[in-house]
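Order of writing sets the labels: A, B, C and D. Residues in every chain begin at 1.
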Amino acid sequence: MSRIEAFSDGVFAIAITLLVLEIHVPEDPGNGLGQALLDQWPAYASYIVSFFVIGIIWVNHHAVFDHLQRADRPLLFINLLLLLFVAVLPFPTNLLATYMQEGGADERVAAVVYSGTMTGMGLAFGALWTYASRHGRLLGETLSPPEVQRLTRRFTVGAPIYLLSMLVALVSAPACLALNALLAVYYALPSGGAMPHRIA
Amino acid sequence: MSRIEAFSDGVFAIAITLLVLEIHVPEDPGNGLGQALLDQWPAYASYIVSFFVIGIIWVNHHAVFDHLQRADRPLLFINLLLLLFVAVLPFPTNLLATYMQEGGADERVAAVVYSGTMTGMGLAFGALWTYASRHGRLLGETLSPPEVQRLTRRFTVGAPIYLLSMLVALVSAPACLALNALLAVYYALPSGGAMPHRIA
Amino acid sequence: MSRIEAFSDGVFAIAITLLVLEIHVPEDPGNGLGQALLDQWPAYASYIVSFFVIGIIWVNHHAVFDHLQRADRPLLFINLLLLLFVAVLPFPTNLLATYMQEGGADERVAAVVYSGTMTGMGLAFGALWTYASRHGRLLGETLSPPEVQRLTRRFTVGAPIYLLSMLVALVSAPACLALNALLAVYYALPSGGAMPHRIA
Amino acid sequence: MSRIEAFSDGVFAIAITLLVLEIHVPEDPGNGLGQALLDQWPAYASYIVSFFVIGIIWVNHHAVFDHLQRADRPLLFINLLLLLFVAVLPFPTNLLATYMQEGGADERVAAVVYSGTMTGMGLAFGALWTYASRHGRLLGETLSPPEVQRLTRRFTVGAPIYLLSMLVALVSAPACLALNALLAVYYALPSGGAMPHRIA
């Protein structure tokens, strides 16, 4: 395992674990702790979506680096940009959890910021793959051209859909969160091609 | 060490270390700092139990992956589900520490949530092992069928006992915490079989 | 990868990810959440600068250790000193984010502390390289003397410029932050020499 | 690097980086931010001492594991106990930083808790080495009996001195912190024997 993968894995692991700090212990629950815990369901919903989004980006990041034979300086910085969006995710997650029950304009602003962060992450991921695969720049011999094209479609389709979810956010925050969850499910499904996951 | 183990270890290490954020420095202690520190004994008790629970899950996670020869996509996501329960553990730990002295219904609600998280974790762990070992799917040749059966018993017995501790939680939060501690001791004991811990 | 690199990478990855805790969810935004989010632009600006500063120090730390053949005890402690400044960075970042809009003396004090931390980090990095490369003490045979000289210039020029940014901080906090960003860009550019980034 | 070392390194790296969360940004500083920052010098002093204590324990932990050829289950749990004390350190550090200026009984209570945590850590470290080295149980052939004896003296002398610092804490918190710093310096010095630090 190279140092760039180890460092990235560290950031993924920390960001995914820091998400829990967003779930607060209710203080002075008037109607009982049970009710207070149920009332903060947006915190759990956004926690779970963000957790699986980061987890799945990690899986796909893994898949990309399995195909790379070398890294250069630009790749390093595109990767750093991707990690910036991953590391910042606890903030919009917390924002959405706080404002999703509020209703009104604030709720939609929070959802737009959440989707906007996802869009940035999707763009950075697409850029990482596009930079690495263009003219086979950093790839090894393990992929045929059709496979590269299939992966390019897969890894660049996220950004426009996240962008679409920003529009949905203008209408409904829960619908926006649900769309993000759906996209996570899409990326969780096997890609139909040759991307076995080696373990040892 | 594979990337899936490295990532999992990262989440284990971060979750176990984040637990400390639940122990708060007392502010304006009226009867002296010493008394205020003693009064928050539930924070220490739940810290210690959660610390060893995560530590022991890490040890057993390690034991499972020592026997795997490869990973596939479903295993990756079952593992992600397990990590979700591990990473969220600081929240119920904090919840229990806050409400364990309160008495009444809130204390028992906190204990039920704590045990419920443990149950989820136990179920995910059992699912991980069962998926990997069923029909020897992902195992190497290192285990005989009786050994697989013994490990299956060991790794699936946790969930029902955690479920039992949810019932205990309805009666007494400290008894529930004690039962969780006992289960940790059980998993800490050697399994009686061939699971030496290689270091190099 | 050696344990000293792994430990350092861990600290880099955690410090860079903890930065997000400095960005707070606005509470009770009077003029709407959108305005409240825009108002805390210093938090985003200092987040981004600190994120890339840590990221780039990580890249250069990597470059230094690629050339080392061995480590001794003094190197270990100089490295620990560097990590102290990296790990503490979330504090001055938070300080600057909090006071950058305040104006007056407090804003400049915050900027001086921010630049001062960067200066300490630059000094520690320069000391790390100088100690390791003096008389070729810990280097392998991979670098020619002119290359060592070029890297020495590169790795020791940071501290005086950070020191300069402390003077700028006395006049303008935003100008000081911009100068720190510029220095990050300088270190992000390729060094013109032979420092390819191996990935596998 | 084995998984037990990687996991331990993760906990060390996270605990050492979480220490920064104890340093708070002053709010509403009446006499100016500069003065408010100077007033919280105990936070910086205890941060620095705790940072180097964890760093040095990491170095010595590394030294111990360099001599181990294998690990068994008891070692795993003694190591987990050591990590518990390392991971909890941000709490007493924060406690000491908060109460060191208070004077009176509370200040001394905080110092006793700080020293007590260090004592526990010292005992766990001594137990780790003693268990591993007794009758050469887990050691390789790399150490002669006199070297083992020298290391045993070195790794078990910490606990009684930390215990002594608890007595000092009853009289003066700053003197107690200074004694802890001195002990860190002792462990930072080379051990006079054969413990070179391999890097690759």
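In this section, contacts are C-beta pairs under 8 Å (C-beta built on N, C-alpha and C of every residue); 3 or more make two chains touch, one makes a residue touch a chain.
If you're wondering where the values come from, they're calculated on a predicted model, not measured in any experiment.
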Chain of greatest Cα-centre distance to subunit D: A
Numbering shared by both copies at the subunit B-subunit A contact, with half separating same from different: different
Turning subunit B onto subunit D with a C-alpha fit: angle in degrees, nearest 5? 90
Compute the distance, rounded to whole Å, between the mean C-alpha positions of subunit A and subunit B. 26
Distance from subunit D to subunit A - Cα centre to Cα centre, in angstrom: 37
Overlap residues in subunit B, where contacts from two or more other chains coincide: 1, 6, 10, 14, 18, 21
Thinking of each chain as a vertex joined to the chains it touches, would you call that graph a line, ring, star, complete, or other? ring
Judged by the touch rule stated earlier, which pairs of chains are there in contact? A-B, A-C, B-D, C-D
Once bound in the complex, which stretches of subunit A touch subunit C? 1-4, 6-7, 10-11, 14-15, 18, 21, 65, 68-73, 76-77, 80, 83-84, 87-91, 94-95, 98-99, 105-106, 109-110, 113
Which subunit B residues qualify as touching subunit D in the complex? 1, 5-6, 9-10, 12-14, 16-21, 23, 25, 29, 32-34, 37, 47-48, 51-52, 55, 58-59, 62, 188, 190, 196-200
